[in-house]
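Below are two complexes that have chain A in common, paired first with chain B and then with chain C.
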Partner chain A sequence: MKISIPKIIIFSFTIFLLSVFWLGLKINHNYDTKSLVGSKISKFYVTEINNENQYISEEDLKKNKYTLINFFASWCSPCRVEHRYLMSLSNQNKEIKIIGINFKDKKINANNFLKDLGNPYDFVGEDTDGKISISFGIYGIPESILVNNELIVIKKIIGPINQVQFNDILKSIQ
Partner chain B sequence: MKKNFSFLIIYFLFLGPLSSSDNKTELSEIYKNLRCLVCQGQSIADSNSDFAATVKLVVQDQFNEGKTKDEIYNFLISKYGEWIVYQPTFSKSNLLLWTLPYFIFIMGGVFIFLIIRKSKNNKAN
Partner chain C sequence: MLSNIGISLVVLVLILSFLIIYTASLDLKTSNKVIKKNIYKLSLFQITFTVLSFFTLIIGFINSDFSLINVYENSHTAKPFFYKIAGTWGNHEGSLLLWVNILVIFSYLFLVFNHKHDKKFRLYTLIFQNILILGFLFFLLLNSNPFNSIYPIPLEGLGLNPILQDPALAIHPPLLYVGFVGCSIYFSAALASLLSDYGGRLFAQSIKIWVKISWVFQTLGIIVGSIWAYYELGWGGFWFWDPVENASLLPWFAITALMHSLIVLEKRNTLYHWVIILCLSTFTLSVTGTFLVRSGILNSVHTFASDPSRGIYILLFLSFMIFSALTIFFLKHKKETYNFNLRSRETFILSNNWFMAFFLVTVLIGMLYPIFLDVLTDEKISVGPPFFNIVIIPLVVPFMVLMAIGPKFGWIKSQKKIYNRILLLALNAIVINLLIFYFFGKYSLLSNLIFIAAIFLILYSILDIKKFFNNKNKTELPRIISHLGFGLLVFFIGLNHQFSLEEDFNLKVGEIKKINNYKINFEEIKIKESKNYKAVIGNFKLTNFDNNFVQYLNPEIRIYSNPETLTYEAAIKTKITSDFYLTMSNVSRSDYYNIKFQKKQFMIWIWISALMIALGGFMQLILKKNED
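Let's turn to the complex of A and B:
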């Protein structure tokens, strides 16, 4: 049987297309920003929620061995769920500093939230228009970023912190 | 003096709005090329989500600071990965994506050429 070049081309192209479709079905399409782990956080400047003259920047994080940056809001119910883990992290471990960034929230509501559930944060900053969240690659809250004193992202937790992630954080900072 | 004054009026009446509409077009082009990460198949331009609104604010700020389109894209790619842009940048990992259409185009040409040549040969025989 004589095999012509056009037939070989059609056959190879069909095989190629089928392989692309098969691989496309196999790949996990759930998007997350965990690829930021290992990268350095960029410069930032956050003012304190109750005192505009007080602020924190990336330079301040270099003084801490580990810092957990947590984006939260009083209107976010998963934030209430994860709050107890932040409280125990703050009470149990002095190696880690926790910075809370209040996201698109009312000052009074944020203060009441911390009054009711306790304040695990060493600094509470505000991000009223959400612009700061973009420089941390946040696309929904709660989200937490664990960085070391070289400002390298060690862990990125998308969604509320649960028991497994809480243990992971403890392991990471040991 | 009068001439200068009328020129200024013409500038502010016509050219001023023109440049601002140019900026709007460029901004909307940037929004259209950005994927809304929390929506299903929508761009930042199409979406009214909270995330899209925030990205628009950041893009506007950077645009007003004089940053170029590529600088804005690169900033967002560094934070959200290449998934955030609809038109990916040319890199080793997506070499196939960029070159394959041209390859298929050339192969199509070769294929048509071979068919024509074959049919001519058949006719000649």
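Let's turn to the complex of A and C:
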């Protein structure tokens, strides 16, 4: 067989492809967002739900001692269930700031939701297509992430906050 | 007991494969014109034992013989009889046995039905096919043995995943396997053709029928899978550009290209090496797809319990296949000169190949890019419908136009004047599109072009059918049906996309929801006990204000006992112009149910036109005899 450039290219490409597959086999595909606890949150940028000019980013969180980022939507029933805990958290404790990220929702419904149940949030961000939430490692709502002023995730609550987790949050921020 | 029988049969097949390779290699050296009788005998034994081993496994499933791990893990005594049988291929190990069966069956049929062709070519094909058979047999025995036994014998099985308990899904894997594994025979034949210098027209004739058979089965398999997704998954869609769907599309693009260029090879005795490349890549892509799905590299609805060792074996064998194929190809490759006139049928057929190659590369990139990124940079992304829609849809416009006018050109150099007709039909298509646009709703420029091209192709095909009835040229009809099917498919998908209605909301019993001119009344909830599941059935009354049309929809939430799983059954009412599609899911700790209501236009026509594409291929198989 004569060696020519196209042959070399085809062979190398095939070898490259097969090695990628080989490496692909070694990767752990069980993506578990619990493992995000202890790691730093990635950069983000989210605009206020009713005011596009107002926004918040990871830099703003450094000013707060603790921040709870809560992902919610008006169409999500468990979010209604956990809402009273968020309300009492915001009423009882001034150490912690709560940021709500409104996930794949309609603006009117989200505002009505907060009007009916009260607004525990210091800032409500808009995430119409769900991309911001995904970058936080969220795969369903409600979910909440507790972050300290070094932007390290210290707690991650998947599903609605209940009494036990509510106490846990209080303990973590003391 | 069954375990021993099964393993013995598989080992016998393995020994026979070695024997066949050995005797075939000996026979290659003799100067006889015909293949030795004992090769036929060995092959007959091989196919008999293979089929018997498959029946052994089926018997294990029918009798719920839980001494086999495979039956224990995938079946249950309470399962309906039909799904017990379907359970045989509804899992990795069983489907691999089916895979081996198809390899062997095609090997035997190719040997027996090609007696007119060159001896050396047939023997080489047999040898290569048996190397493939050996590869998969070793895989089966060492890594994924469906006949592994378990002791003590469990009293009850774990059951088959309920969403797989569906008639469409029971036949989806066998169809796809015949389609994908059937490609193996012309992979082997292509290598044999290179080694025995048996190329050109005769080679085309020897593999033509097998290409058509596997094309029909692949097409049907993909359609049935899509129908299953629509009825069972409850998302209301029929194509998601899911990685596994993409994996099934890759060989389909290659085989469709092959089917077209094979015609050129047969009629004009050119494009030989291109045909060889397509033969080799079709099966290689099938195995690549299998690798990606079974190894767990791709995540999708088709998750088999993934196991890295499985992936490593398939990958090694795949590498072996690719490198042997490449080496043989480069060793035997000769320069071919192409001499095509622009206005000839072969040029247009070649243009089909360019489009297929483009679609193939697009889907391949969309599928592999996330894997590359994950492996090389640890970044996780997913490539979804927007990418494929943006890249592929615009190209469908010229593709359909060429599909319509290409077959009108004669071989070598066409003198026919067809411009008047093209102009006339294009004008008609534009007018029809404008009527749809004007009366039913607005859509983008690209959608306009899609509709125009689709209508153009449909009109052209209808005119062709009319002509067919005048001069009864049978060879043209299958092609017309397939092309018409494709035009209709794009047309109806376009309408479905433009004019469907979708709404998500929460509702509790007694409440009413209004959407456009529809009113949905959630009347009541009923509980029904069935053999292997309990169902919560919602009763929804759908009223159309405009014509006071009333329709009841009954979606279900099923709680299966073995294994304990929750499934959501969509309520689907199919009518000629549209489907009503309603799914309901429970919201925990609440009286509310989450409802998804969709009005999907022309769904039934999408299935019919897709089936027409396959029907065209099927007609070619039947009409073949009369043609000769």
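FYI, the second predicted complex is superposed on the first by the 142 of 174 C-alpha atoms of A that agree within 3 Å, B and C clash if a C-alpha of one lies under 4 Å from a C-alpha of the other, contacts with A are read in each partner's own complex, and residues count from 1 in each chain.
Convention: contacts are C-beta pairs under 8 Å (C-beta built on N, C-alpha and C of every residue); 3 or more make two chains touch, one makes a residue touch a chain.
Because the structure is predicted, anything quoted here is derived from the model rather than measured.
A.B. asks: Now for A:Ile8: first (chain B), second (chain C), both, or neither, which partner does it touch?
C.D. replies: neither
A.B. asks: Tell me the contact category for A:Val81 with respect to chain B and chain C: first, second, both or neither.
C.D. replies: Second partner only.
A.B. asks: For A:Lys104, is the partner it touches chain B (first), chain C (second), both, or none of the two (neither)?
C.D. replies: first
A.B. asks: Looking at the overlay, what does A:Val37 touch: chain B (first), chain C (second), both, or neither?
C.D. replies: After superposing on A, A:Val37 lies clear of both chain B and chain C.
A.B. asks: I'd like to know which partner A:Gly140 touches here: chain B for first, chain C for second, both or neither.
C.D. replies: It touches chain B, and chain C stays clear.
A.B. asks: Quick check for you: in the superposed arrangement, does A:Gly130 touch first (chain B), second (chain C), both or neither?
C.D. replies: The first partner, chain B, only.
A.B. asks: Kindly classify A:Ile152 by the partners it touches after superposition: chain B alone (first), chain C alone (second), both, or neither?
C.D. replies: So A:Ile152 meets neither chain B nor chain C here.
A.B. asks: Where on chain A do chain B and chain C both make contact?
C.D. replies: Shared contact residues on chain A (touching chain B in one complex, chain C in the other): 31.
A.B. asks: Applying the document's contact rule, which stretches of chain B touch chain A when the two form their complex?
C.D. replies: 37-38, 50-51, 53-55, 57-58, 61, 76, 78-81, 83, 104, 107, 110-111, 114-115, 118
A.B. asks: In the complex, go through chain C and note every residue touching chain A.
C.D. replies: Interface residues on the chain C side: 291-292, 295-297, 299, 306, 308, 311-312, 315, 318-319, 322-323, 326-327, 330-331, 368, 371-372, 374-376, 380, 504-506, 587-590, 592, 594.
A.B. asks: Spell out the part of chain A that touches chain C in their complex, as residue ranges.
C.D. replies: Per the stated touch rule, the residues are 1, 7, 10-11, 14, 17-18, 20-27, 29, 31, 75, 77-78, 81.
A.B. asks: Which positions of chain A touch chain B when the two form their complex?
C.D. replies: Per the stated touch rule, the residues are 4-6, 9, 13, 31, 33, 35-36, 39, 42, 104, 129-131, 133-137, 139-140.
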